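For reference, the structures are reproduced in the following blocks.
What follows is a pair of complexes built around chain A, which joins chain B in one and chain C in the other.
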Partner chain A sequence: MSELELFWIGLTNAFSPFNFMMMLTGLTIGVLAGALPGITMLNAIVLVLPFTYSMDIVPSLLLMTAVYGGGIFGGSITGILFNIPGDPMNVPATWEGYALNRKGHVAKALGVAIMGSALGGFLSCLVMTLVSPPFAKIALSFSSAEYFAVVFLGLVSVVVINTKSMGSSLICLFLGMLLGTIGIDDVYGAARFTFGSRLMETGINFTIVLIGLFAIGEVLDQLCERDKVTDPGLKERPKVHLMTPREIWALKGPLLRGFGTGTLIGAIPGAGATVASFVSYGVERQVSKKPEEFGKGSWEGLNSTSSAINASVGGAMIPLLTLGIPGSGATAVMMGAFLLHGIQPGPLLFTKDPASVYTIFSGMLLCNIVMILAGWICAKFFSELMRVPENIMGAFIIVFCFVGAYALRNDSSDLWYMALFGIGGYFMRRYSLPVPPLVLGVILGPLAERYFLTTMIGANNDISVFFTRPVSAAIIVVSIGMFFWPMLQSRLNKRRTGKSCAAA
Partner chain B sequence: MSSPSARAGAHPPWIKIMAGPIFFLAFGLIGYFYADGSIDPAPPGQLGAGFWPKMCIIGILMAAVLKAAELFRCIGKAEAEGGACKEMDTRKLVLMMLLIVVVVPAISFVGFPIATVLFIGSFLWLAGARKLWVLSLTSIIGTTFLIYIFVKVVYLPLPKGDFFFEDITLAIYRALFIM
Partner chain C sequence: MKKHGLKWVGFALVLALMLGASTAFCQEKYPSRPIDFICTWGVGGGSDQMVRMLAKLTEPFLGVPLPVSNKPGASGNSGTTDLLAAKADGYTIANYIADTLATIPTGQARYKMDDIEWIVRTQNMPSFLFVKTDGPFKDIQALLKATQENPGKIKMAGLGFGTIDDITLRYLAGKGHKMTLVPNPNPGERYASVLGGHNEVLYEQAGDIRQYLDAKQLKPVMVFAESRFPAFPDVPCSKELGFNIFLPQFRCVIAKKGVPAEHIKTLVAAFEKAMQTPEWKKFNEDQYADPASYMGGDQFKAWVAGEMNSMEKLMKEFGIIK
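Entry: the complex of A and B
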């Protein structure tokens, strides 16, 4: 049977009422779970896993992939509406989306996030369907040196987040990376900065840092402002404005770049949606014709990062389906579901049960289209909350933050961290210290350390290993270029302005 | 607190401008020596667990020097202050921060339901709500909704409190048909 015929059979299977219902249910659960701080997409996948025991493999995997795709996108909704990113991967969408919300563009921002995610996810599933096996082989050739290079590229994107003060950005980035080292070290098992406390040994979860810094800091900043004038336009009935084909065409560049970055990074086991989201945001800032808009509400930034996070889903499924290697927590749970149904993911899956494989492929493609509907419904529901008075909203945001922090490990000490980072977030705003680089450092710092030290152990501490492997060398050179380019660009601009002034 | 316009007009003394970088330099130096003394030494031929945190601290020190250089170039200019700041209600801010800190041990001690009702009510009062029915209804209905979502739907074991507060929390759960 040809691949096209298999794909057609898969599409017919995916359209069966039960499978379609599973997709819609999964997407709604995923979007809601992703949007609620503290309930991560991974929690949601784990929660639906027991319900799949009695199902066939196809509807159960469609349910789980729908939760995966919806959960990855869901965090952008609360990020855009309330400055609370549901997951770390939604942080860049929060930077741009919330800034656009404050400017009164909430409806369009939600629409761009929904369409960007759906289209990025759709395209990556198409790539997954067409080129899975060769793609997986390339991704598998990556070693820890390449992983470090990719994470390094993500860290360098700090330069593009805040070009106002490089010094402040770097202080916050390194501070975040230092916070990421608290607890028992992954590689050597040594305690660091625990001050003898057992509670500190588990380290500080980055979700607590990002919820505290973003949400509580923002609530305090908004509610304690003296003589505040509220824009009446912000209290109007909120809508979700989905992108028209013309608007999609206008933002095709960021969409395609986000899709490319997301699929590529998603396919690298261990890299995942968070790295994809930061890297795509950084890349977009570099190629944008309006880089000054980044951080203040950029449609390009929002579209690119939204596209990248959902494109990483298709990418992450490639090594799982073709080689049986789960690259993230979510795909690991999905692999568990495969094994529960007596199916071993890997190359043999394509020859043993091609109909199921192609039903999953076509189901995932369909999921991304249905996500527009599920995303729209959920975004409408959450948008209604925008009409709630600011003081009531503020009180509930703080309670949600506490519940979110507690839910991570059922540990009351996390509540202290949350309160501390919340108050710290307010003072960072007050003293013009940028919050995003600190969050970036806490999220990517531990990954960078693990890959760096693993590479060093394997290479007898020879740092040249990063430059002798072509892929890592190329990524590191691009990262260094990205780091210095804004400085070089501003000097060139100054010189050009100086020359034109002299000529005048 | 002086008005933003007044502050934008006057040039602050250099020590005030440089306070940030000086703080981070001092933090970095103390942190470096603490890391050096407290983290296990590296095994022979390896970088060890202390390598990465020390690199981060060196990064902070270098970034603080860079920030100082940026500010030095701005001395005498208005940008050195980081632009005009919003006027804040300091009393409200301090009380809200205090409430956020106080609710943390309260959640563990009196349990999530009671602590949340009290927190929402107090926070709303601080935020300007004065009508008793708004304060009581919002806090009670809101807390009930949260308990239903997180305890009943997501099975999250939220803190029930110590001593007799645990019995009160369990009674609330029973009254709400949660358990």
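Entry: the complex of A and C
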């Protein structure tokens, strides 16, 4: 059977009422869970997994990929509306989206986020459908040195993005990395910074840090500012403007660049959507003709990062389906779903059961189109919430935070950590210290450490391995360049203005 | 009228007594309500699959459901701690694996072997050394020769230092076959590193990498056991090569010490019956677990004690613990 025929069979399967319903349900659950602060995309996937036990593998996979894609996008909604990103990958979308919201462009900002995510996701699923096997081969040629390089690039992007004060970004990043070391380390099994306490041994879960710093910190901050700031025009009926084809065409550059970085980084284990989001945002800023708009409401930045986060879904599915290697937390849970149905994802899946594979492929393509609808409905619903007074909204957000934090691993000590980070987040805002580098430090620090150590052990402690492997060398050189470029640029600018002054 | 009233009161009292007696009688029957089954590892992993399959298949024999909840963390010790904090009434059980047992001698676990009631061993899975099918090593002889010629040059992907993987590797190094352990706790990345040719050898149980075995991407070269594994009759076992180290991975069911002996007996009998069902046999076969995995009660307890002693002895020998 030719691939086109298989694809056609897959498409008709995907349109079967039950499969289609699963997709729609998954998308709605995903977008809602992603949008609710405290309930992350990963939590949502873990929660739906038990429901798939009694289903066939195709609808259960469609349900889970729908939750995955929807969940990744969902956090952008609350980010744009309330300045509270649902997941770490929604942080860049929050910066630009919330700034645009403050300027009164909320309807269009939501539309750009929805369309960017849907189109980026669609294109990456197209890559997955057409060139999965060769793409997987490239992914396999990467070793821990390349994994480290990509995480390093992610860390650098986070620092570079804040041009106001690179110093405070670095301080927050290192603080986050320090928090990430708490607990028993993966490689040597050594207890670090636990102070002999049992509670500290499992370490600090990054979701707790995220919810505390972003959601609780933001609510506290907004409540304290309540008397001073009046909400600009929130009482009218909110709208969501989807992009017209002409607007999409105008933003095709950011969209495609975001899709490219997202798909590539998504296929590399470990980093996933979060790194893709920050790297694409950083790249966009370097190539943009209007870099001064970034951080103050840039359509390019918003579109690029939205496209990248959902493109990482297609990227992450490639190693899972073709090699049976889950690269991210979400795909690891999906791997479990495969195994519970007695199916081994991997090379044999394509020869043994091509109909299922192509149903998943075409289902995922379809999913991204349906997401425009699901995203629009959910964005509309959440926009209505903007008319709720802030103090009532804040109380609900805090309740969701506590529920989500407890559901994470049924541990009440997590709630204390979250409350502490919430207070910390409030003070960081007061003293204008950037929150995202700290959260990214907690997430990426341990990954960077592990890949670094693994590479060094494998290379007999010879640090040159990062520079003798071409791909890792290229990524590290780009990262270092990105780090020093802004300093060089300002130095050059100064010299130029200095010269012109001297001439005058 | 008054007398009549008293009569009714008396009748009601007798009725209440009877009801009370009957509920008391009901309580003697175990189990009379659902049994909480804690999975000490995350959703979707090997332990999770085992626990959910076992819970489903045991339910008809116990007559009550066994709802599963996951409590991952600290090599399985977070869930075990929860189990030990619950009442010893037989209504909370948990799974337990060899990697968690290894934390008792290192002191990472804060309980002793005797704090646990060892109910039944459900899966016994010997570990293997795997290499790439189209890689440089044809069989174990070729691999052992290479390790002798270039000590430490061959890299083996495994779990972290101080784990069973590490102990096995140090044992082999002591026999003149030194390899470098490249630790990675993420299974997907570990397998990718061997498939991509970045590390030469993988230490793993066969069930976890079935997809690569079926696709002929990886092949086993040695099993750490006293006899060859039935599914791979051509693969030599460590004993015939003169390596007396086995340390199989195993999964089992435990309860807190102090659960009445009859309750334990009921549980052992129910699990034994569940493990004789064709569904379980197929599940075990798919996971490449030993067909003779079942072991219950005192026999199992003695076996676990033996496993822990050999781990402790080797850890002392290699200076991992004092």
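The criterion applied here is as follows: the second predicted complex is superposed on the first by the 491 of 504 C-alpha atoms of A that agree within 3 Å, B and C clash if a C-alpha of one lies under 4 Å from a C-alpha of the other, contacts with A are read in each partner's own complex, and residues count from 1 in each chain.
Here, contacts are C-beta pairs under 8 Å (C-beta built on N, C-alpha and C of every residue); 3 or more make two chains touch, one makes a residue touch a chain.
Note that this is a predicted model, so its numbers are computed, not measured.
On the shared subunit chain A, the superposed partners chain B and chain C are arranged side by side without overlap.
By the document's definition of touching, neither partner reaches A:Ile463: not chain B, not chain C. Shared-chain residue A:Asn410: touches chain B and chain C both. In the superposition on chain A, A:Val187 makes contact with both chain B and chain C. After overlaying the two complexes on the shared chain, residue contacts for A:Ser432 are found with chain B alone; chain C is out of touch.
Contacts of A:Val287 after superposition on the shared chain: neither chain B nor chain C is touched. Contact with chain C, but none with chain B, is seen for A:Thr202 once the two complexes are overlaid on the shared chain. Applying the stated contact rule after C-alpha superposition, one finds that A:Met21 touches neither chain B nor chain C.
If you count the residues of chain A touched by chain B and by chain C, you find the higher number for B. After overlaying the two complexes on the shared chain, residue contacts for A:Leu492 are found with neither chain B nor chain C. Once the two complexes are overlaid on the shared chain, A:Phe142 sits against chain C while remaining clear of chain B.
The gap separating chain B from chain C in the superposed three-chain model is 10 Å, by closest C-alpha atoms. Residues 185, 187-189, 410, 453, 457, 460 of chain A are contacted both by chain B in one complex and by chain C in the other. The touching residues of chain C, counted against chain A in their complex, run 43-45, 48-49, 52, 69, 71-74, 78, 106, 108, 110, 155, 160-163, 180-186, 188-189, 191-193, 195-196, 198-199, 210-212, 214-215, 217, 286.
Those residues of chain A that touch chain B in the shared complex are 36, 39, 47, 165-168, 170-171, 173-175, 177-178, 181, 185, 187-193, 216, 220-221, 223-227, 390-392, 394-396, 398-400, 402-403, 406-407, 410, 412, 415-416, 418-419, 422-423, 426, 430-433, 445, 449, 452-453, 456-457, 460-461.
Considering their complex, residues 20-21, 24, 31, 34-35, 38-40, 43, 45-53, 56-57, 59-60, 62-64, 66-71, 82-83, 85-89, 92-93, 96-97, 100-101, 103-104, 107-108, 112, 116, 119-120, 123-124, 127-129, 138, 142, 146, 149-150, 154, 156-159 of chain B touch chain A. Residues of chain A that touch chain C in their complex: 46, 49, 53, 139-144, 147, 184-189, 198, 201-202, 269-270, 319, 323-327, 332-337, 339-340, 342, 344-348, 409-411, 450, 453-454, 457-458, 460.
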